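After this come two complexes, each holding subunit A, first together with subunit B and then together with subunit C.
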Partner chain A sequence: MSTIAETAPRGQTHRRMRIDGWRWGGRIFLAFMLLYTALPMIWMLITSIKSGFAAMQFPPQWWPDQPTLASYQKLLDPQNSVGQDFLRFFWNSLFVSTATTVLSVIVAVPAAYAFSRFTFPGRNFLFFAVLLRNMFPAVIFLVPLFILMRAIGLVNTHGSLILTYLTFGLPLAIWLLKGFYDNIPVQLEQAARIDGATRFQAFMLIVMPLSAPGIIATAIYSFIGAWNEYIYAYTFLSKNEQLTLPVGIQRFFSENTTDFPGLMAASFMMSVPVVVLFLVLQRYFVRALTEGAVKH
Partner chain B sequence: MAHVVLKDLVKTYRGFKAVNEVSLTVNDGEFVALVGPSGCGKTTTLNLVAGLIPITSGDIVIGDRVVNDLDPKDRDIAMVFQNYALYPQKSVYMNLAFPLQMRKLPKDEIDRKVREAARVLDMTQLLERKPRELSGGQQQRVALGRALVRDPAVFLMDEPLSNLDAKLRVQMRSEIKRFHQDLKATIIYVTHDQLEAVTMADRMAVMNGGYLQQYDSPAQVFAHPANMFVASFVGSPAMSLIPLEASTANGGAVLTSAEGWSLDLSQRNARKVQRATSKKVVLGARHSTIKLHKSAVPGAIPAKAYTVEPTGDVTFVQAFLSGAIVNISVSPNIAVTPDERIWLEFDQERMHLFDGETETALEAN
Partner chain C sequence: MTIVTGKTEARARLQPGWSGVLRKIWEHRADYAYVLPAIIVMLIVIAYPIYYTIELSFFNTPPGLQLRDKNFIGVDNYTAILTSEVFWMVTWNTLIWTLASTFFSFVLGFATALALHRDFTGRGVLRAILIIPWVISAVAASYIWKWIYHSDFGIIGAVLVGLGLADRPPNFIDSVSTVLPSLIVVNIWREFPFAMIMMMAGLQTVPDQLLRAAKVDGANAWQRFWHVTFPHLRNVSTVTILLLAVANFNSFIIPWIMTGGGPSNASHIWITHIYELAFGRQRWGVASAYSVLLFLILMTLGYFYVRALSGNERKDGSA
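For the complex of A and B:
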């Protein structure tokens, strides 16, 4: 190596040094970002295995003297009233989020495909109308939607939330998926149709598998949106047995004392489905799945 | 195999006529090239035959069936696309098997046919690969294989070679030609490259602006272009087209240039000129039919060399006559330098004359 360095022209070694400088700067920046995002999570985990007393100590215990899973036991215990509530909230959230996700994929897939492949009167207008909702902050629609839900008798039902999350999630879902369909060459479907497939078969057998990463991305997006949503769930639902997790977890705050380990344990468990979803599905995010389909 | 008939085929997009009353017959086992510049309607015509887009009016007959309203899958056709359109998630084997699976053939028969096609195209060792793991030429072969595995009535090919590099293109050109000879397949082949059409096709249909300009064997199209467009499109370098003014006197005819020179025509060419609708006549001459002289010769027209392009076998000289570019090919041992004075002699037997108004070829009788 030393001989290479010696014979290398001067300008090149200078450039190499400058690149190394940037690289190290980048690494330090990334390390900082990692700490910034990971530390709160780590603190959440550590707090969740402390006792209620240890959580309030100052200076804080960096690692609890007596780590305990008591908070988790309490939350997951169906005999305990806290556990009953938590599990019910968890189930409610899961139901609302899953229903939202499934419905949004069912609606977004054909809608995005139609926007991508067909020309029909009012196509552009409709497409931008779909996005119009995203121009406004969600809170603006809170009261009008509440009035609407009351009028159609959906207040205090999960249906009201599913409908609302759909209207909020669909525009971006359609937009995202349309991008995926735009990138799938139309000749693939044409080839399939000539090879003996009907238009629907061409879609199901050729286009759907190729758009799987897009569908999964869309599904995760809708799921997380619904899973984390707070303000609508807080407004539309008032019965304890219907609450979703973000609203339910709030119950760990009370006027006199706050059960911080319990709150943190609940928060941690709330983040588990999202993380699991990502881990399980990330392999479908393989880029360039359509590579080799056509020559550009 | 089957014959294909297009009758008064029209395709309109919002009032724009992309394909304009195109009528032609492709005989059983014939290789026909649809050729023309981009936007001439050749690919639209092919897509109409394939059934990928609906026709506005006219008829398409494949075999003995009118297929106007049939789905692509029911037309018994196979198509090779410019970008190959291989199914990226499927292996080569599954790509080849797909058309057979769609027709619900028994598994062992599918396997037999796929392996047979792979053997013919010499890609047995590639069957387990995915399309993205193949080179451009191999992908092209798979696309071809997927078409021939099914033994369709008609093969449609949409510029199948234009994505290959120059060397591979020449090689695949002869392979497709061989494939046609061996299978006696009916092929409709779209290309913008007149050379591909001339070298491969039994007959070529030259299109421009949605209209069929001429439909004949490459030799006929080359020797007797129906109009100025075909004349300038087919052949490389292009035929030189020189706008002139005709005057007839006691049986003979003379073409005069605004530059002052004039050209006496033979008896036969004079008869052609008499059929022109006006005085405007365009003289067409291929590079090989013009003789270049380095000194004045009776009947030769004075000009000045503009560029000189040696290609090895032959040297191309360009000159301006009456404002038109004239290409002349000369033997490489004749040295011509740019701006040198030259004299051009046109071959009366092999020159083409076009009506300056209608742009159609003038015939003697």
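For the complex of A and C:
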């Protein structure tokens, strides 16, 4: 593509053609990326409305002869043992993710504010320590954390997950929020201070409302991270009634290795909450992610 | 930001030496209260595990977690790792996995961001669809692709047979030669949206006037991209590539769920291998030594990460 652009002679008519070349290249590329992204998800949906027998055919039925919602009904039926498990996993995931999100916001807001506003010795060091933590994989922490959790009696409780997710979500949460605080003019607070507000009042009355989009973004981010987390839940929890969705689905699948429609239906339903949350609030989400790295 | 940095520098110049530092810490004692909750949680859950991992890596540990019975064996765990064949195979896999995933995720994400930069009908919808793989759980993604790659009923195999390109559906993830590339395709599917988001935001910071001025001066599309757009994106590209590299180096779920490292270690990367050593074979000491080595590699990467970030900050300060 570059050669076309470089060798094309300059001139009004030729430039039009050249731009069209780029534009068509872009369109074809986007169509390709759309297929790459969407086809696996479409195939998941189509498989999820097949019967177990229809899914296991070669060549496959591109569209099921007899579409059925049986897999969804089975997963959502509280009378059925599969449905009971699935709903319990769903509820567990919801509880753990919500608790993590609320705690993250409570802890991250003051920390991010401090990183954005105050100069104290070690401020830069602390901030980079926060960022660096993001780089270390879960596996490094698994063995010692497992022992630590056992020592404080949190193994096989949701508390172990909430504490872990909180910690590992914090660096990113602080980073995201700091980007927002950096963009709120200090003068607003100073004006409030001059009018007699304490620093805390200025923070609560001026800064908090202005940073609401950042807090929303951080909350979604924590929620999605906790909802999708797998490795700690897989290691810390062993009792069936406490599993979260990712681990629960894996266990379900290792017992029913051929129920692909059920597996696809479960994958779909596991994705629905985060995808909906993301689509509704994507503006904040995307902005927050890029604030720190791009505008800084 | 600029004001804050300026103040720090002024203070640092006024009060050199340790007594100055201590006085400053005392002066700012109230400020630490804001960070304290975050620090305490992180000390418990991060600093202690790091210390413990380093300690365990010098011990021969019994299986099970009766760690009181461990014996000090010096660096034997490290020599055992570095002389094992599996180690080099896993390292090679990790290298291919990290480099290929990072490269293709970045290139595809960047290209998508460029293609989406111009406004057109349906752009918002398209962007939202493209980001979805990044939002859904990696466990769900692994199962979706496992089903797509299925050696008997997989859709890709069926398409290849239908088009006459293969006699029978290929074994994508059950064969030593194709398993790693197949998993990398899944990983890119999940990661390129991240690069796309970052680069889209980066593109918005490229000043329109510069592009228009370049156009007036007769620069063609490629020249405008190479001489105006790209230099503006250098920082955000560095940060994106580093974040992708770290995330890929640390990935676990996709290989673990899809193949568990098999067949015959062909898709084991460092993290899955460490996990298997620790929780599968209960060789805690060796697994810890592996973790420490990993740690050293990541610290090196981290150094460049911090340098790239503070490079950003310095530029902002001077501007």
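The definition used in the following text is that the second predicted complex is superposed on the first by the 257 of 296 C-alpha atoms of A that agree within 3 Å, B and C clash if a C-alpha of one lies under 4 Å from a C-alpha of the other, contacts with A are read in each partner's own complex, and residues count from 1 in each chain.
The rule we apply is simple: a residue touches a chain if its C-beta (ideal position, glycine included) is under 8 Å from a C-beta of that chain, and two chains touch if they have at least 3 such contacts.
Everything numeric here is computed off the predicted structure, so don't read it as measured data.
Novice: Identify the partner contact of A:Ala192: answer first if only subunit B is touched, second if only subunit C is, both if each is, neither if none is.
Specialist: Only subunit B; A:Ala192 stays clear of subunit C.
Novice: Contacts for A:Ile49 in the overlay, against subunit B (first) and subunit C (second): which applies, first, second, both or neither?
Specialist: It touches nothing on subunit B or subunit C.
Novice: Among the partners subunit B and subunit C, which is in contact with a greater number of residues of subunit A?
Specialist: C
Novice: Contact-wise, after the overlay, does A:Pro209 reach subunit B, subunit C, both or neither (first, second, both, neither)?
Specialist: First partner only.
Novice: Per the contact definition in the header, classify A:Gln201: touching subunit B only (first), subunit C only (second), both, or neither.
Specialist: Only subunit B is touched by A:Gln201; subunit C is not.
Novice: Thinking of the overlay built on chain A, is A:Leu243 touched by subunit B (first), by subunit C (second), by both, or by neither?
Specialist: Neither: A:Leu243 stays clear of subunit B and subunit C.
Novice: Return the residues of subunit A at which the contacts from subunit B and from subunit C coincide.
Specialist: Subunit A residues touching both partners: 289-290, 293-296.
Novice: Inside the complex, what are the residues of subunit B that reach subunit A?
Specialist: Residue positions touching the partner: 50, 52, 71-73, 75, 77-79, 81-89, 98-99, 102-103, 130-134, 136, 139, 146, 150, 163.
Novice: Okay, in this complex, where on subunit A does subunit C touch?
Specialist: 1-2, 5-6, 8, 10, 15, 18-19, 22-23, 26-27, 29-30, 33-34, 36-38, 40-41, 43-44, 47, 55-60, 107-108, 110-111, 113-115, 117-123, 126, 128, 130-148, 150, 163-164, 166-168, 170, 174, 182, 186, 224, 227-228, 230-231, 235, 245-246, 249-250, 253, 260, 263-264, 267-268, 270-271, 274-275, 278-279, 282, 286-287, 289-290, 293-296
Novice: Within their complex, state which residues of subunit A touch subunit B.
Specialist: So the residues of subunit A in touch with subunit B come to 185, 187-188, 190-198, 201, 206, 209-210, 288-296.
Novice: Under the stated contact criterion, what part of subunit C meets subunit A in this complex?
Specialist: Of all residues in subunit C, those touching subunit A are 1, 3-4, 7-8, 11, 21, 24-25, 28, 31-35, 37-39, 41-42, 44-46, 48-50, 52-53, 56, 65, 67, 108, 111-112, 114-116, 118, 126, 128-133, 135-141, 143-145, 147-148, 150, 152-153, 155, 158, 161-162, 169, 189, 192-193, 197-198, 200-202, 205, 218, 220-223, 236, 239-240, 243, 246, 249-250, 252-253, 257, 271, 274-275, 278-279, 284, 287-288, 291, 294-295, 298, 301-302, 305-306, 309, 312-313, 316.
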